[in-house]
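A, B, C and D are the chain letters, set down in written order, and residue numbers restart from 1 in every chain.
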Amino acid sequence: MLLEKLREEVLEANLELLRHGLVLYTFGNASGIDREQGLVVIKPSGVAYDEMKLEHMVVTDLEGKIVEGTLRPSSDLDTHTLLYREFSEIGGVVHTHSEFATSFAQAGLPVPALGTTHADYFYGPVPVTLPLSDEAIGGRYVHETGLAIVARFKGESGSEAIDPRAVPACLVAGHAPFVWGKTPHDAAHNAVVLEAVARMAYRTISLEANSAEVSQALLDRHYFRKHGKDATYGQG
Amino acid sequence: MLLEKLREEVLEANLELLRHGLVLYTFGNASGIDREQGLVVIKPSGVAYDEMKLEHMVVTDLEGKIVEGTLRPSSDLDTHTLLYREFSEIGGVVHTHSEFATSFAQAGLPVPALGTTHADYFYGPVPVTLPLSDEAIGGRYVHETGLAIVARFKGESGSEAIDPRAVPACLVAGHAPFVWGKTPHDAAHNAVVLEAVARMAYRTISLEANSAEVSQALLDRHYFRKHGKDATYGQG
Amino acid sequence: MLLEKLREEVLEANLELLRHGLVLYTFGNASGIDREQGLVVIKPSGVAYDEMKLEHMVVTDLEGKIVEGTLRPSSDLDTHTLLYREFSEIGGVVHTHSEFATSFAQAGLPVPALGTTHADYFYGPVPVTLPLSDEAIGGRYVHETGLAIVARFKGESGSEAIDPRAVPACLVAGHAPFVWGKTPHDAAHNAVVLEAVARMAYRTISLEANSAEVSQALLDRHYFRKHGKDATYGQG
Amino acid sequence: MLLEKLREEVLEANLELLRHGLVLYTFGNASGIDREQGLVVIKPSGVAYDEMKLEHMVVTDLEGKIVEGTLRPSSDLDTHTLLYREFSEIGGVVHTHSEFATSFAQAGLPVPALGTTHADYFYGPVPVTLPLSDEAIGGRYVHETGLAIVARFKGESGSEAIDPRAVPACLVAGHAPFVWGKTPHDAAHNAVVLEAVARMAYRTISLEANSAEVSQALLDRHYFRKHGKDATYGQG
């Protein structure tokens, strides 16, 4: 069986979503990539989390062609592979319909950086894509979903460019979040934290609609405490 | 004992409501139909979920006459049987007072189709009935509840007609949701998802009162990904 | 040991509050009365729910004088005994600081009857007392809390009188709910349902501030389906 | 091993935060102090709660110098030690990013004293600091966080002074709460209750934006029922 260790990591990342209440029934999916071999491991489509096994994981190449596995891959595969091709530093991708992040996506709003919890993980607001055109929806929809994410990070359509390493998540308008990270574990962890900060942003906005975003100084202090060469958090 | 397998499915559908937190104490009920024999299996009235057994299930005909069982059927039986008579393709019916769907029902508002999670299951807003008249409430109330649902789907009182296969749920104004499906399992599954999308619709509206419904293109794309002859989701 | 069976019922009612998430740490309390002997059994003050035993229950007379037990009774005892003296049909009293009912109490608002779930248990809005005067607070405060509840039900201060059997709960302004019933079990059950209907009323009001209360016809239909000589719900 | 008993109390206080859902992953931290020896025991940085052991606890002096332990102390250590130096009566400090208290902190709002649950624990609103200046954030940030808390309690910047024994918690603007108590257990208990009263304050304000704070009489009555020499609550 190919990529034994990556399979385990991908299975574990999927289960992490379940443990933290981010997925219902067969919703959501996590994947990981082996950059050397150019192979992606992804959850199968429509399989229940509590019955999921290592051998159910599907292995594809970077174009989504199945290399190993007897089950259909997640229906969101083409978004995963596009993100791997376009964001060369990422090693894992997660998609969920988690309640609060999805609610921001449905409202067409970014998750603003309202506090240090957010700044610990996301170096600025978590952006939302433009709505997909009818043509994109009617065409290669799942691929187009990835294109909308990439367009948002490249700063197309007049928005500012964002570094996908600094803000490892994007809301797809009217749909739900995609989240990534250095590894499948990292992507799942970021998805859990995104849901937590979305929940607190929702409460904060309810209390005070005009709540200020954290200052640049606070964003820098918290983000670089956990990221980059000068990080001091943990037992690193 | 009649309809052994259907009893098991109906019991299991009732327990699914409990597992997902849709029912409190003895609230809620699920049923199933054997179309060939014209027999309905339904939860007994006022029995605790954790004590419910196969032999407690009540079997009735399509008019609600008890054919087998020593317990009283659910007090909502007449709504179930009416729905089976009027919506000939359905095989299971579920009624709950789940928190968010019930809150929309109490507010007299449909659950709008604000995202792809909704579109995956419901091909348009989940409608709400007109309020029942005092005469209807004072008369055959449970039967009248069913009539109000059917009237809403047939497009009476000026509203647009809805295909009950495409939107397998209805909110009864001032009361709570009724949900259906091809089987009892399917109906319970739809009830769980209805609660999830109602919860997200509530959050979305709180964030942005004028949130747009998904486009027709997105509704089509997601709904037909999971339904109909061209469905691609899952291992089917 | 006096009143063995009632002790068990009171302990069990206290544990029911814990099981349904209505109490935190040592918050809340349940009691029961033996009308023949004129004796009240109540939870001790400040004892953790998961360490509570039958012998911890305190037995008092209707004036609150301890008859049996080595622990101090709940600090809310004087409210319980007053309710037992004034509302002669009740057999159990429960007090919690459950989140949503308490939020209505803190807002000084009744829980409106917005749906059939409410009507199944409470024959009209769950009222809120007037705020206690500084004199009442500085005096026999716990007794005065009971007086404020009784005053609200007797229709003093210009409000309409309410039958405590038909609406077995009251919010104390700025404080939290007191709930009662025919037995300790019944009181705890009503407290759990009050929290559920308060939660749904909160959501309903958020969706639509001017949501209508249920009609008199619907209130009658649902309330009398579960209460009174013509009740049809359950296996009774 | 130094301070065996205090280590156990600090570990236990950390686990109490986990049990009550106040912390996610490695977020949050609890500490305790031995006033005689002038030694602080604190959670290590970035260690998962379910793997935390007594020997992981870090012992420092009051200036934060490590006296015993092989792991890095919590990154919030300097705030803890400052609070121990400035608030001489406290024996434990807790920091969490619990959802509702953090949402008030992010909104820059105190948690108002809207009911008796609040008054039982906090003798007035739980205050919020001023935002830290860019200089403070760019300098000794964690120390400055403590200074902002102390400044708020000493009544600097025009606000009224607060006794840290009477209100054992403070929200740091744009960040999250710090909570303290006589012991680590007491601090953790207060953090759990702060989250509960923040949750209820949030609901209360949603229902009625202008909800009144409890009267001075009610604040006195409830606070002194549980605190000070005339306390009557519990079995003490």
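The definition used in the following text is that contacts are C-beta pairs under 8 Å (C-beta built on N, C-alpha and C of every residue); 3 or more make two chains touch, one makes a residue touch a chain.
Note that the structure is predicted; figures quoted are calculated from it, not measured.
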item	value
Subunit B on subunit D, rotation in degrees - Cα superposition, rounded to nearest 5	180
Numbering shared by both copies at the subunit D-subunit C contact, with half separating same from different	different
Chain of greatest Cα-centre distance to subunit B	D
Whole-Å separation of chain centres (CA-atom averages), subunit B against subunit D	47
Distance from subunit D to subunit A - Cα centre to Cα centre, in angstrom	33
Where subunit B touches two or more other chains, by residue	206
Contact footprint of subunit D on subunit C as seen in their complex	24-27, 44-47, 71-72, 75, 97, 99-100, 102-109, 131-132, 134, 137-138, 141, 174-176, 202, 205-206
List of subunit A residues in touch with subunit D within their complex	114-117, 189, 192-193, 196, 199-201, 203-204, 206-208, 211-212, 214-215, 217-218, 221, 225, 232-236
